[in-house]
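You will see chain A twice below: alongside chain B first, and alongside chain C after that.
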Partner chain A sequence: MKTRLIGEMGGYLLYSDHLEEIKTTKNTSNTSQEGSGRPVGSLIFQYGPATGGLIESVGMNIETFGEYIRTISVEPYKMRTISISRSIEDLLLSVERVNGNFAASHVTAFLTALENAYGVTPPRDVILGRVAQIELERIRNHLLVTQRLTEHAGFSVPSANLLYLVEEVNRVIGRAFGHRYFYGVNTLRGFRMDWQLDLPTLKNIVDEFQEVYRGILDNRVFIDRLQGNGLVSIDDSIGPAARAAGLMYDARLDGDLAEVYGEIGFNISRADSSDAFGRLLVRGQEVSESLRLIGKLNIRAQEYEAGWLDAWEKDIKGFTGGGLGRVESPSGDLAYYVGIHKGTISKVLLLPPSKVNLRLFCSSMTGNVFTDLPFNWESFGIWMSEVGVEFV
Partner chain B sequence: MNWFLKGVRKGVRTEKTPSDVAPWSTELQFKGIEEESGVTSESLRCPTSAIGPGWIAERCVYCRRCYPHYQPTGNHRMGVVKRVEKRFQRSFYLYPIDVGTCGACNTELRLIASPQHDLTRFGIFFTNTPRHADALIVMGIMTKGMREAFRRAYEAMPEPKLVIALGACAISGGIFQTEKIEADVVIPGCPPSPYTILDALIRAKGGRGW
Partner chain C sequence: MVALIVALLMLGLSPVAALINRRSGYIACSAGSAVFVYYGMTNYSNELSLFYVAAGLVWLFTSVYSLYYDHHRWLGPLYTSSILGMAIALTTNNLLVFLAGYEIMTIPAYVTIGLYKKTDYSAFVFMGFGELSTILILAGFLYSYVVTGSLSFSPLTTITPFMIAAFGFMVKMGILPFMVTEWLPIAHGNAPSNVSAILSASMTLVAVYGLTKMALLTPRPDLFGFILLGVGGFSVFFGAFYAYVSDHAKVLLGFSTVENNGAILTSIGVYLTAPTHTLASFSLITIAVYVLAHSLAKTGLFLDTGMMENESLILPRILKNRLSDVGGVLLASSMSGLLPTLGGVATWALLESLFMEAYTLHSALSIIPIVTGSIIAMGEGFATSTMLKFIIFAHIFNKRSSNEKTRPLILLLLGLLILAGGSATYIFYRPFLAGNPALGLPFGLIASEFSSQAFGAISPLYVLILPSLIGALVIAVFGKPRIRRSEVWNSGAPLNEAYTSFAYSNNIRLMLGKLLLTHIGRDGVKVVDVFWSLTHTVAKLFVSFSRHFSRTYMNSRLSWYVIYMILALIVFTVVVVA
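Here is the complex of A and B:
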């Protein structure tokens, strides 16, 4: 697979197969561009940061003549800092809370970076458990994104159906792992799973989703809001946005968990339009694929606190080095770099998918109109919580 | 496709009583005799000092380090209502403000509108403007960028008004150990489940809870 630039993390550029120090400055701002200077008659409309329309706080400065959007810039108002001067176990609890909806993806990428730094490999059961959690997260996220799209369209019945299904997925996760967002589930040594995963219920959820999904795709009024809305450049897109444009690009093919995905027979989902509609199509396919993958993983309920780290723990004092962990979160590439100096964590760099998707959103809004904005925004599955985080 | 008929065919999916709560979002209780055990926040490595004496719901982030000494009881009614406003009994409008969340509280709050929970049957609604709100639901740690938005939203609300702190971050700073937000109603959890949220909201407007 061809090497692709994913995004910037700290003073580095992350490519699909390596990390490179930045030598020249690239434009990675969250601002769309159309010419320079403000034309006569345009105004800046400020949307947010606190609004009822969006699920999180986010501020948007929209340069417009009234309807046509000329430029847009997005500000993450809720900037949080996370101190790395603490034990790895305590830091793990903060990593879970970078983005609650992608907690398993964040923890997996962080732990994989740490394991890569130390050169250790967890038992296979632990890796399978992490994959299952990420795929469950993907199902929930894609249902939520579809629900948000239908809600903005005022499509009440499918919107209520989908919200019902999101709650049902949360319950399946809660019954198996004890917590609906995987908090406290993953540890340095493994993960906790109290009950067997309820696969029949999960299958019913996905079947019902597919029924609703086919119904909304039949509705011309709804898909007109998505088609041609938020066209992105193929070169710098990731996750569902890249696959919507037809690219064979997915961190499940070449990221840290690629071996497991390869063994269980992962099929990439793609579409042929790089707009909000294409992204919805990819998500629709991925929900079924995630269910199929979870079924093949065959993870069992038990507490994985194996002693595989005991020998390693004796050797970590005085260790200096670093490692990168990269997984495919529900919205695309998610990467952590963890630097270790004399046995303690000295640096944590994060590239969340929302950071890349935010840039894509801004660049794709130019030329659109106000009514397109919520559909385009939701189609990327952006979470501002992970954009405004800095490890210090 | 006729969505109306499709909706009717699904039948009523709203729950009469709470039925399916994730254990690690409910009250924790010591197993045995706590006074004789000698366990403390330090001995259990509790990251938010949520142990001792007893379990402190407002601080707990459910990391499970206290397990098996402390175990979930399944009781979701953990909200503390310091001020009841009976004038909101028939209609209670909420304006949520996220001042620095991880997104989980936002999703759980959103899910009280799911058909299983259906907040509107209890006379509770969301509003898109603080000017129409009876209560401000604040979630997350107080970040610098959101402080002014929070103040302005509070000032824009008509009297009488309630402030509801939702989740460990807003109540006690949670895992980030930042400042706590003073509130009339506190809803513990990380994040609180939709059951815990609804129960506290119903009690805040003079009901018996759920």
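Here is the complex of A and C:
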């Protein structure tokens, strides 16, 4: 499989098969580029951070002549530093709270990095459980992204319907795992599962979603807002944005869980329009695909065998090394690098998908108009909460 | 008649006085203009008399303003000479004298533009099209002389002289497609504000006067009338359209003049094609009212630009003065066609006359005034947005402090005149006054009529009085409104950016990009006046062809000279024999 660039992670560039130290400066800023200097008549319009319309606090500086957006820069409003000077169990709690919507993805990537560092392979059921959690997260996220798009179009009925479905997914997750955002579910020992996953309900949710989804796809007004909006065709894109451009980019094919995905017969979803509409199409297909994958997993609560953990804990104090964990979160590649020095965590690097998507969003906004901004923004499924995070 | 002689004498003396002393020239011109207004008011015979009043008022206000504005040695003599030319053209009944006045009006304006040039070609473009106008008018007048045998403005039995001269007048008015040369805005863009005011308000008024005068003497032509009506409608639309996307204050106002002249031309078209005498009378009054409204408001707005530090609306920095703010708003309201101002009445009357014509024609031809009316309505929408833009960016943002009172006072007076003028139109629309007791309006209505039956009605007086009364009543009962001011909230970030006039109209640049050939590049967004672009291309091709022709066939060779002589002899013989 072709090596692909995923993004910048600390002082490194993360590729699909290796991590490389940055030697030359590359534009990875969250600013769209269209020439230098300010043309006469242009102005900087500040959108946010405390402006309505978007779920999170986002500060956008939009350079415009009026309607036409020349450049846009997005600043993470909420900068957070997370201390790594504590126990792994405590750090895990912070990791899953970096972005509650992608908690399972974050924790899985973090734990995989840790396991890779130590050279530990978790039991297959644990891996299947993590896959199921990520796929459940994907269903919920794609429903929410679709809802956000319909809300910006002023479609109150499908919007409310989708919010209801998001809530239903949350309840399914909550009943099975004890927490609707997977908080406290994953530990070093495995994962917690209180109840069997309610697959019939999940199927009903997805069926209802598909009905709503087909309805909004029939609406020309809605489609017009998405088609041609936020064109992304650059090679270093990730997630649904890359797949909407027809690229075979998916950590489920080349990430740490690729083997499992391959075994259960994962089918990649793609489109060929590179725009917000393409991203919606990919998400719509992925909801059904995720349901199909979950149905094949037959997961149950599982913990490491005692022998694994004992050997691990015994070796912790003298261990020095590092590992990388990468999974396909609902918005694309999510990676953690964990460095360990003499048994304690000395370095944690995070590459959240929203960081890459933010850059893609900015580059795709040049030439757009204000009306298209919220649609393009939502189509990337960006969560600002995970962008401004630094582990120190 | 005595008043006219006195006025012309004073106006004639003013250039000489201005040569000796700039202020005395302007004072003489002001006095002459005031007498000219008096002459127009006291000798009100028909709608054309209103042109005298309009022109006189423009000169009066502009001359008084110039006393506090002009600091250039040659501007006074040139300015007053141009006004003298206009006065001659307006008051004569002789075709040749009219043309002489027309040239006296044009040439000093050309020199002024040349003196203040920013680009070499602007004065030449102005002069080139000015002379094209003169040549066409001259041709029309010559044909008139051939038909009538008189050098006076006389009733005609054919429409041909009118048609030829009409094109000449339309060039001067900047009507489509002559708008494409952009001479009017370019010229205004370079001229000082007082000269811009007379160029835009009264020089085009002279052209409208000539056109109207010829129309009154011509048998009413159906087809040509409809052509004028349609061309006027498109001029309104494109004038307003280009004004809306202009950020140069004077270019904006120049295009606005094209829009207003288009409306006047449409009204002339309605007059020529009106199926009933009543409708013709109504549209004739509308022409005069439109001329008065445009002349006064445009004068005020151009004088307003004289108080700006620069001519860009993006950063205008105008004098901070409440008087000029109120005056500017009133003038812009009139230019937007809002009641109860003079412009509001004129716009209403124009649209009414178009719809009345469509109704009375009652044939397939009705589609022409209906479509034209719709186009004008769209243009008026742009015009309102344009004026809103002008006022917002010239009077609300970017002010600079000043203690000057006189020039803002002139602006306020013009604004009040245009406000009161709306209600003064009862005088001009005398045959169309009505009341509707059932609505509690026993009098004070201007009713549009195409026969003995009313078609529609407005009441500028009630619109003027009622809001004032209600406002006064509210203040009397509840007291002066309390205003609470708070700091601007910019999402918690420092406020160091301002909305620009360019951004205000950029939506249209993008939406109608195909019409404006919008180009977005590194330097910003650029639009093209497609008509000007086309004219420029044709002109360049013609120059190229001429150069090629002259080098090939007119290169002083004896052989070609002999060929010309032989050809000329043959043509002459054929003409004589025929």
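Descriptive notes on the structure:
Operating definition for what follows: the second predicted complex is superposed on the first by the 384 of 392 C-alpha atoms of A that agree within 3 Å, B and C clash if a C-alpha of one lies under 4 Å from a C-alpha of the other, contacts with A are read in each partner's own complex, and residues count from 1 in each chain.
The working rule: contacts are C-beta pairs under 8 Å (C-beta built on N, C-alpha and C of every residue); 3 or more make two chains touch, one makes a residue touch a chain.
Values in this document were obtained by computation on a predicted structure and should not be read as measured data.
On the superposed chain A, the positions of chain B and chain C stay apart, so the two partners fit side by side. Once the two complexes are overlaid on the shared chain, A:P49 sits against chain B and chain C alike. By the touch criterion defined above, A:V369 reaches chain C but does not reach chain B.
Between chain B and chain C, it is B that contacts the larger number of residues in chain A.
Contacts of A:N101 after superposition: chain B is touched, whereas chain C is not reached. Across the overlaid pair of complexes, the angle with its corner at the CA centre of chain A and arms to chain B and chain C is 90°, in steps of 10. Looking at the shared chain after the overlay, A:N161 reaches chain B, while chain C stays out of its contact range.
Contact with chain C, but none with chain B, is seen for A:F65 once the two complexes are overlaid on the shared chain.
Shared-chain residue A:S385: touches chain B; no touch with chain C. Of the two partner chains placed around the shared chain by superposition, chain B is the only one that A:M79 touches, whereas chain C remains out of contact.
Annotation: superposed on chain A, chain B and chain C show a minimal Cα-Cα gap of 5 Å. Overlaid on A, the two complexes show chain B and chain C touching the same residues of chain A, namely 49-51.
Residues of chain B that touch chain A in their complex: 1, 3-4, 6-7, 10, 13, 20-25, 45, 47, 61-64, 72, 95-108, 110-111, 113-117, 126-129, 140-141, 143-146, 149-150, 153, 174-176, 190-191, 193-194. Put simply, chain A touches chain C in their complex at residues 34-35, 39-51, 59, 64-68, 367, 369. Residues of chain A touching chain B in their complex: 49-53, 55-57, 75-80, 82, 89-90, 93-94, 96-101, 103, 144, 155-158, 160-161, 163-164, 166-168, 170-171, 173-175, 178-181, 183-184, 192, 194, 215, 218-219, 383-386, 388. Chain C contributes residues 247, 314, 490-493, 497-507, 510, 520, 522-525 to its touches with chain A in the complex.
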